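Shared between the two complexes below is subunit A, which has subunit B as its partner in the first and subunit C in the second.
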Partner chain A sequence: MELGVVLAGLLTGGLYATIGLGLSLVFGVMRLVNLAHGELIVVGAYAASLVISWLGVDPFLSLVLVVPVVAALAYPVQRYLLTGLLRRGLEPPLVATFGLSLVISAALTAIAGGDPRKLPSPYSAAGMTLFGQQVRVIDVIGLGIGIVLTVLVYVVMRHTRWGAALRAASTDPATAGTMGINVNAVYAITFAASAAIAAIGGVFIGTAYSFTPTSGMGYILIGFTVVVLGGTGNAFGALIGGLVLGLVQSVGGALLGGQYRDFVIYAFFIVVLAAKPLAERGLEAWRGRAAAVRAEVRA
Partner chain B sequence: MQKSTKVLAVLGVAALALAGCAAGDGGGGGGIGADDPIRIGASIPVTGPLAPFGPIIEAGYQAAVDDVNAAGGITIDGTEHQVELVILDNETDPNKVTEQARTLVLSDGVVGLLGSVTPGLTIPAANVAELEGVPMVSTLTPNGAWASGNADGWQYAWNLFMDEQQFSDIAYATADTVETNKKVVIFADTEEDGVATGGLWEADAPGKGYEIAYRADNPAGTTDFTNDINAAKSAGAEILLAILAPPDAFALWEQMKALDYVPDLAFCLKCSSTAAFQAVLGETAEATSNVYLANPSDAPEWAEVTARFEAEYGQNVDRSSVLAAYSAARILLDAIAAAGSVDGAAVNDAIAATDQEYPIGHVRFREDHSFPADAATLQWFGDAQLEVFPAGGEADLVTPVTGLQS
Partner chain C sequence: MRRLLLGPGVSPARNRSLIGLVLGVAVLLAAQGGLGRYQIAVATTILLYVCLASAWNLIGGIAGQFSLASSAIIGVGSYSAIMMLRGLAVPVPVALAFAVVVGAAFAALLGLILFRLRGFYFTIGTLAAALAAMTWMTTWEFTGGTRGISAPLALVPDSRSLYVWALAAAAIAVAVSIVVIHSSLGLRLRSVRDGEDIADSLGISPFGMKMTAMLVSGALTALGGALFALQKASIEPFSAFGLDWSITIIVMTIVGGLGTVWGPVIGVVVIYYGITVQLQSLPAVSALLSGVILVLVIRFLPGGILGTVTAGVRALLARRATR
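Let's look at the complex of A and B:
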């Protein structure tokens, strides 16, 4: 296998990790399947497009405005719509986020039209040499973004008071509530953080590729695959899931031909879905046996 | 009481049945009220990957309708009727086209359908036209793929665009004028037109003295072409033939530039068939080629229309596409006027008899209901596309693809 194929897969995986990270965060904390996550990515791209046309700044500099704005828009959606629906089970918020995805897509079409757009930057078509291979600068930036966001989310979740509150609200919301944690606010902030991550992904996609109001659907499929591969509520899981997906896509495409690229991804997705519970059960049984042996030895 | 309920129920069912008959009659082409407008309609991509085509197609159709209305409308049985255009957004989803075409015919009462873009979006509507006996005129859909959409031959559907063979003949003939190693890379998507045209390029290459060094088939929506570009570079392909959806091509072109792959000649069919290609890629689009409709008819009767669209769209594919859409709509409207009726069969006969100059050329349909428009190789120079082949066009062919040079 050529190094270039592996490198291309890992670089693409950085973007996939960013897409999966936001979904994983929301699902891990609230058990919410956010079907509008793809549209939040696209909103980020359009918001950046607007900021760039106003201020003429670099796409990644536009994040200074785009991230807080998208997060601020997302906060009330969770606080005043989705949290209430979550109390009625998993289906109502699922349907609500699907509805939101349609509304956002239609609104963007009405406002911006259906033409593809791209965020202008001098480095989207620039190349560089990495491990002796010619790669795109923007893809390296994408991998960097994926890694930085993953570490950031991990640090916040593990080493801050808010992260502790988030983990408590995620594990046992009722008990967390009695301990003085405002669970509704934690949920809303988590959703806003997920939207902010989506917006960063959107700015990257807008710079590296192109986007239309309906681009979100393709990205949400990638996001779900990453979440399944990497597990939920686990920042590094999303990074690993993204990198594995990128790698499988690149190697699969190189071995079987580009036309089987999607087939390879989703065949792999199905295999992982089927094998993961078996592997977990096997691991659990092995741990049980190991513990029994240790107890026997001690006795 | 019970009896009257039964009577009401029977009346209700009868009324519904009559309403259904009336709708069907309107769709298949029957009479039209004195004050009713004549409705024609289309299901086109206003959103989705082919969204850049939607507003262009709609503008062409609307302009044709406006021009006919400005001239007094269409006279049916001595009464002048204004024409109304009904447009539905199929979101680039072929599954929605059938349902929307049926809605247009059965609910909106259109007496003629207009086409979309690509076989995937045009053929489903043509099937509805056949089923409902409503004439349909389409364009921006390659003739071969369109004709193969109905093995028995189309009865009510008509198409005016280029033949796939023109894509191949003109691309290779253009390449003949450049000194290259005759090694070709094909980038095709797995949509109907990508498969058909990609296959034709590959099949024709040996006979035309070219070698397919590498072929990349990718599903629409692919954004990472790194491996394919590296393979094309390794294979030393100096001619690139691509047929991709615009967003995929934007990614491919930027990645080629980043990875230092600069072919001598690069064709981007479908992908650079809207001005969005240059608007999005900017300088990277410079000297990219396309086989597309040749310059419009220079017949004096269409000079004003051509000038109007050129002022709005510039001198590029968008102008050609809008004129093609305008031509399709005018052919349908002229046929309704010639038939003096909205009856589907009568209008269809009038379309068959078309033998007239339109902006797309002098239209006379072939037996398979298609019309092959003149095609040429166009190259991007700034925001204009100029004819560079056949020789003696508006500009000289530029090689290599300067937009891809770092």
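Let's look at the complex of A and C:
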């Protein structure tokens, strides 16, 4: 396998990590399966496109406006719609986010039309040399975004008071509530943070590729693949999952032909999903054995 | 016949529903002569959606498996029927029967792989399967790739006989729902939906129940898909396998009333006739409106339209009884 294929896979993996990170955050903290996450990504791209046409700034500079706006829009959605539904079981929030994804993509189609768009930037087509391979500058930026966001989420989760409140609300919401943690607010802020990460991903996608109001559905599947691959306990899980998925897609596309790139992801996802319970059972059995061995040693 | 209607375990509610269905079919059959060309087309579409929504209700509502794979099964049914008509020039009933068999087999294959997963993992798995099937069809030259295929016009039934076919498909789907919901099978399916582990411990095989629902639902979904394909006469992967199918059907079923016989029927009429047809010139607005309705229904009317009305009527009756 040539180095170029591997490198291309790792670079797209950065984007996939960003997509998976937001999903894994809301799933890890409140067990919410957000089927509208792909649409949040697309909203970020359209918001940036609006800001750029107003102010004529660089796509990544538009994030200064786009991120707070998307986060502010997302906050009440969790606070007044989804949190109440989470208490009714798994299916109602699933259906509600499904409805939201429909609303968002339809609203974007109604406002902006269905034609593909791209965010203009001087460097979206520029190339550079990395390890002797020609790559696009923008793809390197994508990997950088993925790594920076992962580290940021990790640091906030592990080393701030706010992260401690979040972990408490996620482990045991009822007890956290009695300890003076406003669980409803924590949930809503988590959702807003996830939407902000999605918006950053969306601006990157808009700069590096193109987007339409219905692009979201494809990205959400990538996000779920990353979450399932990397697990939800740790922010670095999403990064590793994203890089692995990028590699698999790149290598699969190189082996089978470019038109199978998307098919590789979907098929790989089904295989991973089907194999995951087995792997987990294997891991548990292994842990169980280790515990038994330890018990024996102690005896 | 007597045992079928009055035997042990047969509920009066089931018979009332069946009688209602027969009357409805008779009325729709008699009304056929009075409908114009456009009305026939709209009525055919409504009936086919009834077939698809009732089919999804079996797996999504009664067995509680929130599947997004309907679009893939619809696509398989569409392509099977059109390929048969085109390649072998068989009569329409044979093409439909072939589509049903292939659709059921495809659904069984999906179930075999995806029922290893539970809850939303299953949902996301079906999403992957639906997208995988669509991208696969765009690259498969045997079925015409992205260009798609069309049926020879001489073999496609005219709009009036298509209406009768659609009526038959809808009637079969609703009849199956009635029989399943009021049977011990329906009870076992609901027990798997409401508590998989408890059902398992009581000797019900969750896997077997889910596969049964998936098979029946898949056969009916493929039938509806094949008839939709005949209505359009020419199909391509993005419309035949489009995720819009799953989305529309699920919205209809949930808005009408999940897990009930008549909920999907009500949902189809409300969403398709009430919104899609009325806002024909503004497809984005009608999609927006159905999304908003879905969110509002799930937030404020957990039982859908039918569930809320039933609960309201029951409350009224109870109040009158206590007075």
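Quick notes on this one:
Assume the second predicted complex is superposed on the first by the 297 of 299 C-alpha atoms of A that agree within 3 Å, B and C clash if a C-alpha of one lies under 4 Å from a C-alpha of the other, contacts with A are read in each partner's own complex, and residues count from 1 in each chain.
Just so we're on the same page, contacts are C-beta pairs under 8 Å (C-beta built on N, C-alpha and C of every residue); 3 or more make two chains touch, one makes a residue touch a chain.
Only a predicted model underlies this, so the values are computations on that prediction, with no experimental measurement involved.
Clashing of subunit B with subunit C is the outcome of superposition onto subunit A.
Look at A:96: by the touch rule set out above, it reaches subunit C but stays clear of subunit B. Touch criterion met: A:120 reaches subunit B, while subunit C stays clear of it.
Of the two partner chains placed by the overlay, neither subunit B nor subunit C lies in contact with A:151.
In the superposition on chain A, contact of A:259 is made with both subunit B and subunit C.
By the touch criterion defined above, A:269 lies against subunit C but remains apart from subunit B after alignment on the C-alpha atoms of chain A.
In the superposition on chain A, contact of A:110 is made with subunit C only, not with subunit B. Of the two partner chains placed by the overlay, only subunit B lies in contact with A:210; subunit C stays clear of it. Look at A:218: by the touch rule set out above, it reaches both subunit B and subunit C. Overlaying the two complexes on chain A leaves one subunit B stretch of 22-30, 76-84 or 310-318 clashing with subunit C, which is 22-30. Judged by the document's definition of touching, subunit A residues 105, 109, 218, 259, 262 lie at the interface with subunit B and also at the interface with subunit C.
The residues of subunit C lying in touch with subunit A in their complex are 64, 66, 113-114, 116-117, 119-121, 123-125, 127-129, 131-132, 135-136, 138-139, 243, 247, 250-251, 254, 282, 284-285, 287-288, 290-292, 294-295, 298-299, 302.
Every residue of subunit B that touches subunit A in the complex is listed here, in rising order: 45-49, 51-52, 54-55, 91-92, 190, 216-219, 221-224, 226-228, 230, 246-247, 250-251, 253-255, 257-260, 276, 279-282, 284, 406.
Across the interface of their complex, subunit B is touched by residues 2, 4-5, 8, 11-12, 105, 109, 113-118, 120, 124-127, 134-139, 208-215, 218, 249-250, 253-254, 257-259, 261-262 of subunit A. Contact residues of subunit A toward subunit C in the complex are 33, 81, 84-85, 88, 90-92, 94-96, 98-103, 105-107, 109-110, 217-218, 220-221, 224-225, 228, 259-260, 262-263, 266-267, 269-270, 273-274, 277.
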